[in-house]
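We just call them A, B, C and D in the order they show up, numbering each chain from 1.
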Amino acid sequence: MEIWEFMLVVMRAQATDEQVRNVVETITSIGLKAHEIPGSQRTAIGITGNKGELDPAVFELLPGVAEAIRVSKPYKLVSWEVKTEPTIVKVGSVEIGSGDLVVIAGPCSVESHEQTFAVAEAVSRQGIKLFRGGAYKPRTSPYSFQGHGEDGLKLLAEVRDAFGLAIVTEAIDQESLELVEKYADMIQIGARNMQNFSLLRQAGQMRKPVMLKRGMSANLEEFLMAAEYIMAEGNYQVVLCERGIRTFADHSRNTLDLSVVPAVKKLTHLPIIIDPSHGTGRREQVIPMARAGIAVGADGVMVEVHCQPERAWSDGPQALLPSMFADMMQQLKEIHNVVSNLTVASAK
Amino acid sequence: MEIWEFMLVVMRAQATDEQVRNVVETITSIGLKAHEIPGSQRTAIGITGNKGELDPAVFELLPGVAEAIRVSKPYKLVSWEVKTEPTIVKVGSVEIGSGDLVVIAGPCSVESHEQTFAVAEAVSRQGIKLFRGGAYKPRTSPYSFQGHGEDGLKLLAEVRDAFGLAIVTEAIDQESLELVEKYADMIQIGARNMQNFSLLRQAGQMRKPVMLKRGMSANLEEFLMAAEYIMAEGNYQVVLCERGIRTFADHSRNTLDLSVVPAVKKLTHLPIIIDPSHGTGRREQVIPMARAGIAVGADGVMVEVHCQPERAWSDGPQALLPSMFADMMQQLKEIHNVVSNLTVASAK
Amino acid sequence: MEIWEFMLVVMRAQATDEQVRNVVETITSIGLKAHEIPGSQRTAIGITGNKGELDPAVFELLPGVAEAIRVSKPYKLVSWEVKTEPTIVKVGSVEIGSGDLVVIAGPCSVESHEQTFAVAEAVSRQGIKLFRGGAYKPRTSPYSFQGHGEDGLKLLAEVRDAFGLAIVTEAIDQESLELVEKYADMIQIGARNMQNFSLLRQAGQMRKPVMLKRGMSANLEEFLMAAEYIMAEGNYQVVLCERGIRTFADHSRNTLDLSVVPAVKKLTHLPIIIDPSHGTGRREQVIPMARAGIAVGADGVMVEVHCQPERAWSDGPQALLPSMFADMMQQLKEIHNVVSNLTVASAK
Amino acid sequence: MEIWEFMLVVMRAQATDEQVRNVVETITSIGLKAHEIPGSQRTAIGITGNKGELDPAVFELLPGVAEAIRVSKPYKLVSWEVKTEPTIVKVGSVEIGSGDLVVIAGPCSVESHEQTFAVAEAVSRQGIKLFRGGAYKPRTSPYSFQGHGEDGLKLLAEVRDAFGLAIVTEAIDQESLELVEKYADMIQIGARNMQNFSLLRQAGQMRKPVMLKRGMSANLEEFLMAAEYIMAEGNYQVVLCERGIRTFADHSRNTLDLSVVPAVKKLTHLPIIIDPSHGTGRREQVIPMARAGIAVGADGVMVEVHCQPERAWSDGPQALLPSMFADMMQQLKEIHNVVSNLTVASAK
């Protein structure tokens, strides 16, 4: 386990020899090693030996320095350098990251017994094995419906018993986390809590797998480091979820950043799924973006389904009708077929 | 107390009379009122009477509808429509929002007795009455220093006793919130927790004032609704804090969005301060942006000061040295003088 | 042909009757029609009858007004309301927008006879009919290679003759536009010139089809209005191209915004292709994102191919090798098969 | 004159000695110099000797390489390394960059003789020496008013004669550039043309000073390189102008990025002004942000003034009334006083 350890200090073209010497001495004085790299017009100095964070600005303050550049990758447990096999996360009978097509479906919120069972029945008919539904809803307004809490979780547990569906649901604080761990099969950490480090640590102490959603303004490093928080506590069953970032674009609620999928695959062994429902916020974009998500190589998708979206208590406009969901499933299977054949071919 | 209640449904140019009628009937059937607005080439229909959230997509699904536009402002307690006098938040002997120049200063993290007392002594000498310092530090990496916790809070309490400084410090979860309430004078909710609604609600149940930092990707409505969460629980002593948003610009760590100050002043009676230390992340930008913050009309600034920034355990590159801090204070006083004279002049 | 014509003026809850009357009179005095919409706690006033742009701020300055909201869609020629059949743009023997899989390929820059012919031979072998290659290169630095200009265009014309490939290449100003019109089959307007309205107008006067790339910070309305500039001059043969927007995300050079494809399809009859080479800037993301582009429903993709990317004069890191390109073609055909079967099914 | 020339290639922890050797040989084979930097767990290799652009991806493709990091600053003529005195740009009797408070004012568009003269009279009365006004207007819609062209320029020339005001006005293509050069005193290149490199080069061949506005999605490097394009042609009289970047924030039309001012001052000798009118798009934010702009250390501000904003042909909502402009001038003078005293003090 390690942190990348290089830094490069670039001197100004006019820097004097004495200034270079001073930088070298400063580096040495804090226990690091300096490597001079003389260029034709200026000198750079490589630094090795640092164990933790090293701050460029410490060197940028020294006379004659033009810039200090950090070359650090703080990833440990999430990284391919630590684990060379892809992680497969098992939830119920489903193996996320195994190469199978994984689809998680269900309503945004658990509203009532009737609504929840109706959706569960509809998605179950399509062969779905993972059911989503919110009992704790983070809402922009304190006056909006905030979820049924433990009663909602109990309803989800009934759905599991009735339909054999494993349950994925969000926890928003310590109390709800303990209840979600008790009733559900997979703990969801929402985008707004991606850097709620206290919650991440608690999730790391749970024994159920965690689905971690990317924060709306999180870059890839921050996203992976949030997973690192969970894993550092001992819970290695983490699935990443891209659900859209915040940009100036206003034709969708968020901008679903699909290129993060190959970027994630390059850096980490953890599986990643996409959430086109929250990622677009508009029903007519959900199915095309779900297809694109599977085509780009995601391990699965999570979508919202509602039998009466116009009466949904939250996020109705992005929910698919059961008939649309059935169409989507058919399309995803065909796209997945193409993509998984490719993988097999390239593996030969 | 109210929520704005209008929605406008715009029909397509080719929409038939029957389609218009159908929209009107749908509106009426859910207990709302429809107001037809015939244009020269198409019709729009105004909706009034809704009490809570109304979803445009419900209407966009109806045949003949081009677009439905929400005209809702969900603000209640934060709004000028509820309270017509500016809120003044008292912390120790300081009145934030009173028109006085408010400066909050201190180290990023409470590191040691020596470091904390040295900084406290330095800022105290400049007439500062509010001291900041983190005992709980939200860090991107789980392997970075996370703060001294309760021991840090005790040190801050010692600083209060020794220098007569009121203490502002961050809480990151329920446990730390209770301790911060016990030891400090003002509870800070950090940018990463701006939509940790559970924490906001708990802060709303505390009796100490709250400083709420804007999330890195929060728009103004979300920022104000986060304050609304706190106030809805009964704690009206809320100070907003702009600390930079996430953009593509890479010459500063974040983009300090100063135009939010006049925008906030237009919509809410709550005071707002700016944090140029986190907002820029670069020492050489802190003082210019602090000046700009006072010039734009903020109620105060919060800055980080460290006697040995190159040895700081966190965020050293953005910390001011005590001598720079003294210069800044002088400059802010002069700028504040200009701005407050203007206010007096315009009030006459 | 028309511009949407509604505006909604929302009064404050405390607005007096006289203030409402004043707003109505102002509306009437500038020749527009006012429609009062009384709500339970405040009044809104709909405006109809305006022909051009109407500025919300004009009304927001009036006493008692809370907000004025524009309900305008400025699209004319690009809109489905004007033309109800999808536009098919013919370039050489290829019909973009017809439902066929369209792939445009070639090097970033035309560097030499040898390089250009080698790439042309490689892509031609995969059945490609549209060849791209830059003779005029917009580069961030004035000291970078700026393209061979007319000599490059002549080389492209030779490629057409030798391989039967139609040529797509960028014009950057009036002079190059005239030369591109002379030598090539399709005029490309680059992202940096998407709001170079002078160039757009000139392109509108040409008789060759135009590929218009989305600007890095253009929202959908601005993108479509740029197409409108070209069409307003009489050239209706416009193909849109998504090539990535600028966001904070740093794992790809730009963020390829695939959800713009269904959004474009909803608003306009013009075809849209995607450019995953510029959209990601990283070779390993190009093929996955090309697959995703076809899966989301784009009419085609444009990719860069180079036989020796490590020696490319520009954008080598995003170029595919010929063998990768062959793999990609196979994958895209299979994905396209799935997607076009869906379309046929849904059309029945 | 030079380009920074370093690159750092970081090997994977598991890289073999042979892989390191292969990287070193590749570097040498293309005429560059390799400097090995052995760390405790992996090796990095510094590269020196490259003259132009060097592409990280060339090395990232080699086996065993984790990442290649460019350490290049492409600035030449804009840089402090070439010119150590601040550039002062003279326009009429005004010296931009001299430390004097510079205010450029006038209407968005030149509409009529009456309107233009009325505004000129109003701003002139406040001691303004630089007058702005658009004769060529880049507009999102082809159906919006596009400016009076040469007639507008003639009107501006009349204003110069009548009031002794130097004229700043925008050129949008080669033709208008030649006319602007003929009639005006300073050529403005707008944000949408910041990377219209053809136009930049032509402006570089003119003998009148140029005001270059930052593009809405331009980072600082791109902004300075656009100035480099102008200077590379021999025109060194360039003034930068910050006018807001595009972000998700919707309380202002753009996000005026004031921290770019200290960042610009650190890298270049060119002066920079700010444009709070376009930067905010809302009248009530213009004066506060103008104050902030002077407080942050900008060399001046450019604002729009109109005697009847509600009848302006473009951008009325951001125009100041003459009385507001007079107030602003008073405030800016006082703020400038504070800031320039500081500079004098710090220079001692």
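Convention: a residue touches a chain if its C-beta (ideal position, glycine included) is under 8 Å from a C-beta of that chain, and two chains touch if they have at least 3 such contacts.
What you are looking at is a predicted structure, and each value in this text was computed from that prediction instead of being measured.
Think of each touching pair as a link: the shortest run of links from subunit A to subunit C has 1 of them. A count of C-beta contacts for the chain pairs A-B and A-D puts A-B on top. With chains reduced to the mean position of their C-alpha atoms, the one farthest from subunit D is A.
Between subunit A and subunit B, the centres computed from C-alpha atoms are 26 Å apart. Work out the mean CA point of subunit A and of subunit D, and you get 37 Å between them.
In subunit B, the positions touching at least two other chains are 217, 245-248. The residues of subunit D lying in touch with subunit B in their complex are 217, 219-220, 245, 247-252, 255-263, 266, 279-280, 284-285, 288-289, 291-297, 331, 334-335, 338-339, 341-342. On the subunit A side of its complex with subunit B, the touching residues are 3, 52-53, 55-58, 60-61, 74, 76, 138-144, 146, 172-174, 176, 192-193, 195-199, 201, 215-217, 221-222, 225, 228-229, 232, 245-246, 282-283, 309-310, 316-318. Within the complex formed with subunit D, the subunit A residues making contact are 2, 4-6, 8, 10, 12-14, 35, 37-42, 44, 46, 48-49, 66-67, 69, 71, 73, 81, 246-248.
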